[in-house]
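Presented below are the structures under discussion, each in the form of structure tokens.
Here chain A shows up in two complexes: once beside chain B, once beside chain C.
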Partner chain A sequence: RGFPKYATLSISIKRYPRAASAIFQTYNDLLLAQQWSEIEIVDLPTCGRCGFRGRRPENPNTRTCVVPCSLAETISMTWLKSAFGEFEQPEEVFLAINAEDSSIVYYKLSTGITKPPV
Partner chain B sequence: MTTTRIPIYVSNERAFVWDVDHVATLRSEHHVCGVLSGTLPHLSQQNVFLGLPLVLMPEELVLLVEKQLATIVHDPAAHHNPTPPQLETWDASRRRGIAHQLARQEREAGRHKGEEKGAQDAVAIQKRALREARRLKLAEAEEAKRPMNTTTGPVEDHDVLASASTPVLTSLPQPLPHSNAPSERASSSPAPVTNAVYTISVPTTSDEFTWYDPALHTYETLDAARKANVWHYPVTEEDRARCEVFRDLWEKGYYMGGGSKFGGDWLVYPGDPLRYHSHLVATVQTSPSAPLRPMEIVAHGRLGTATKKVHLLCGWDSASQEVTYISVEWAGFG
Partner chain C sequence: MSSVNQSQSRGNSSQKKGGRKRNENNVIYANPLPITFSRVENRFTVTALGIFGISPARLLKPQCKGTFDPITRSVWITDPKDRAILWRRGFFGKGNLSRSEPSWLVRQTNIRTAVGRQTTSEEVTAKRRAERKQFKLDRARGIAAAAAEAESAFAEGRIISAEETKALIPSAATWKPSPSTQNVTLSFLEQYQGAADLDAEPLEDMEHMQLTFSEAFFLTWALDCLSIRRPNALEPMTLPEIWIAFQTTHLPPHLQAYSSQESILRPDNPFLLNYFFFHHYRSLGWVVKNGFAVVLIPVYEDARDAESSPFSLSNSEPFTWQWLSTINRVNSQVQKTLVLSYVTIPALSRVSLTELTSPACFERYSIREIIIRRFVPARMRD
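The block that comes next holds the complex of A and B.
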């Protein structure tokens, strides 16, 4: 209501009520705290939620993918693979792990075995 | 070919390699490292440098046997009960070894004494002779065990005994009739040396024992070993998933070490651990639907990043017989 772009989120929140808290919290964090731009909402039905794609201030030339989840949830390898599938196989997907105290932490996931830094 | 397969000695479901050449082959040809776990006799108060035996992880044994690179030997069973003649032969050769050591000690001490004498003048020699005579009388009177003094101890005892031909207490157990006394002198008494110090070596491998025969206790397949109740791993689905992931990483050319120091199942090295740092810590997900908690991703990911490694989630899918890898790193923001 008072939150910007709440209307656009409301569709996903109604569709995936169990993930609503993680969706809402992550969106606001990306928009306001991480200051991403051009955030689009991506439907991830096999993951039972929506995710986001946007531009990081540090990396404005790529569109970075994020899938939110809650610390209290249980996921699986299949679930993670689905996220990559729904985003159409990006190189990386960020998992946004939300806690009930509203802290959020992001982990970078990549398919395959990453090469050591040169 | 059975003859080229490396024997892995299994005892109580633990896998050991006792031959240093096999250890080298495992590492250089099959990129299986294992862990050296034996203390070094000459440096027993430290555990930075360890020696044989090499201990293998269960997954390493499974891989080597399934790839037909190794066989399982049930070590306890391969040690049969020695027959009395075998025991006697072994005992005799041991005593011969001890006798050689003592004889050599004797010779070296004699050489010492010779050098000492050369440096002394006539008066000193005379004084020494008088002292020797006095001691002889004392020894005859007491018929007691004499304390050894530094390097010339055994030699002096010999001199006393040769002249006195008095039986003296011995540090050797009751010798067998045909065995050698350390001093093969003209003296008629057995006269072994008192407080002589000799080394007994315990061989690393049992191959030289005539009662050791692994032939009937060697297994070429995991099934055979399981039926014989010698080796059971892998038992559970988790065990099997671990073996499959290990095999997949091995087939990709990686070297694996234990991962417990980094909160994972294995450390994964792109080459020999002596030359490379590991970049990856791997954990196994038993199946595609096996529960994974986000907290685990936080813990693994953060620990990995803090130690300059990447955490590798390895998912085994028994339906497709494939391993899926997902690397996890802390994002660095948020």
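The block that comes next holds the complex of A and C.
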């Protein structure tokens, strides 16, 4: 039920050891806690990690993109722009910020200035 | 008269409810640490031995088992009894799919069965967020209505007073969730249930509890109630093995291959700093968690060590005013006092390699605390 994916995930974990913890924890959270479906692993070589694309239960008609990172990292605008590029320019990307104790906070990043919905 | 009696009895019953919940919590969370003392029934023995300063009560140490995971730098606890003991006696650990206490299985079961729900903290938060969203929608509608009203009044040449405008816009203090809000959250859950009903196989608990290295080492070394093993090993790891393994995971990947060389051990290893900090505050009775309002600031005794260090420790550079102001403001908003904790790292030249192979090296570290509060002139009385 998603277990075959762990084999593909372990390839990414070995390829990007510095981001391994964030990758693994984010994948587990999306699959089991956030209950996303059809999660695919997207390679983001410029960002030194892999990201994910899948369907949220609240929004099953679009594919949402997530890039994992850890709280201790500093990331630049160039890094974020390349993430958008490697996901083929979606409207928005979620940044999954992982803490050492496995807490994850998701920040929504949009291209350009976007007014909040309410 | 009768109405006064009614309100009194209502007040009493709600007090009883609150009191009962509090008493339950006092029973569940009675022990501050996993170790407990056995009860001794014979009062005569207790008193007799007490004269000699001896207690017949035995120290009971639960033997919990954990698995070492270098990728997430944590120790996993999977056995449900061990998870409960460690959480309830000292709030050790965190569920990897939950906000704090492992509650994933409960939440998944709640989604599948509407009857007999046990509310979890995540569900309370979700409900609060849905209500807040509804409030924002109502407020936006109110603002739009007020604006339309103002436009039409302007066109007619009327004047609308400020009070009338305010009356159209709901305020956070007086807004109440309408029955339609509850229907929205319910229908969302029903959607979930519809999908989940198709999957009627029994739920396997996919969540584990995660202990940080500091918590795990504290439980193993200081309290001796946890044994840690590598994923496919039969034998638990020995304390020296754990000591080295925990430090090795903090090394950058290219240095980890040399982990058997003891020259890799350095006093500024993040594990040593985090553990020293954790042990200090745990011994004072605090429960140390991520997001704690005490900031660890490492201070190098010898500046050359900072340059030769393979770790880039956060907060070791002098901090900027922006950083301090940001941290201070965020902590004040969540009503936490900011404490800066300066941990001094002994110079490599002063610490011998033998000391670094065991917790004896902690004697060389020291800690100083500085409390910072915002001074807001408008709110100070003098």
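One rule holds in what follows: the second predicted complex is superposed on the first by the 109 of 118 C-alpha atoms of A that agree within 3 Å, B and C clash if a C-alpha of one lies under 4 Å from a C-alpha of the other, contacts with A are read in each partner's own complex, and residues count from 1 in each chain.
In this text, a contact is a pair of C-beta atoms (placed from the backbone, for glycine too) under 8 Å apart; a residue touches a chain by one contact, two chains touch by 3 or more.
Here the structure is a predicted model, which is why all the values come from computation and not from measurement.
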Chain A as common anchor, with chain B and chain C clashing or fitting: fit
Partner chain(s) touched by A:113 [first = chain B, second = chain C, both, neither]: first
Touched partner set for A:8, first chain B, second chain C, both or neither: neither
Touched partner set for A:76, first chain B, second chain C, both or neither: first
Which superposed partner A:62 touches (first chain B, second chain C, both, neither): neither
First, second, both or neither for A:29, with chain B first and chain C second: both
Greater chain A contact set [chain C / chain B]: B
Contacts of A:96 with chain B and chain C, given as first, second, both or neither: first
Closest approach of chain C to chain B (Cα atoms, Å): 8
Touching both chain C and chain B, counted on chain A across the two superposed complexes: 29, 33, 58
List of chain A residues in touch with chain C within their complex: 13, 17-18, 20-21, 24-25, 28-29, 32-33, 57-58, 72, 99-103, 118
List of chain A residues in touch with chain B within their complex: 29, 33-34, 56, 58, 69-71, 73-81, 94-97, 104-116
Contacting residues of chain C [partner chain A, same complex]: 71-74, 94, 96-99, 104, 133, 136-137, 139-140, 188, 191-192, 195, 206-207, 210, 212, 252-253, 289-291, 314
Partner chain A, residues of chain B touching it in the complex: 252, 268, 270, 277, 279-280, 285, 287-295, 297-298, 301, 310, 312-313, 315, 324-334
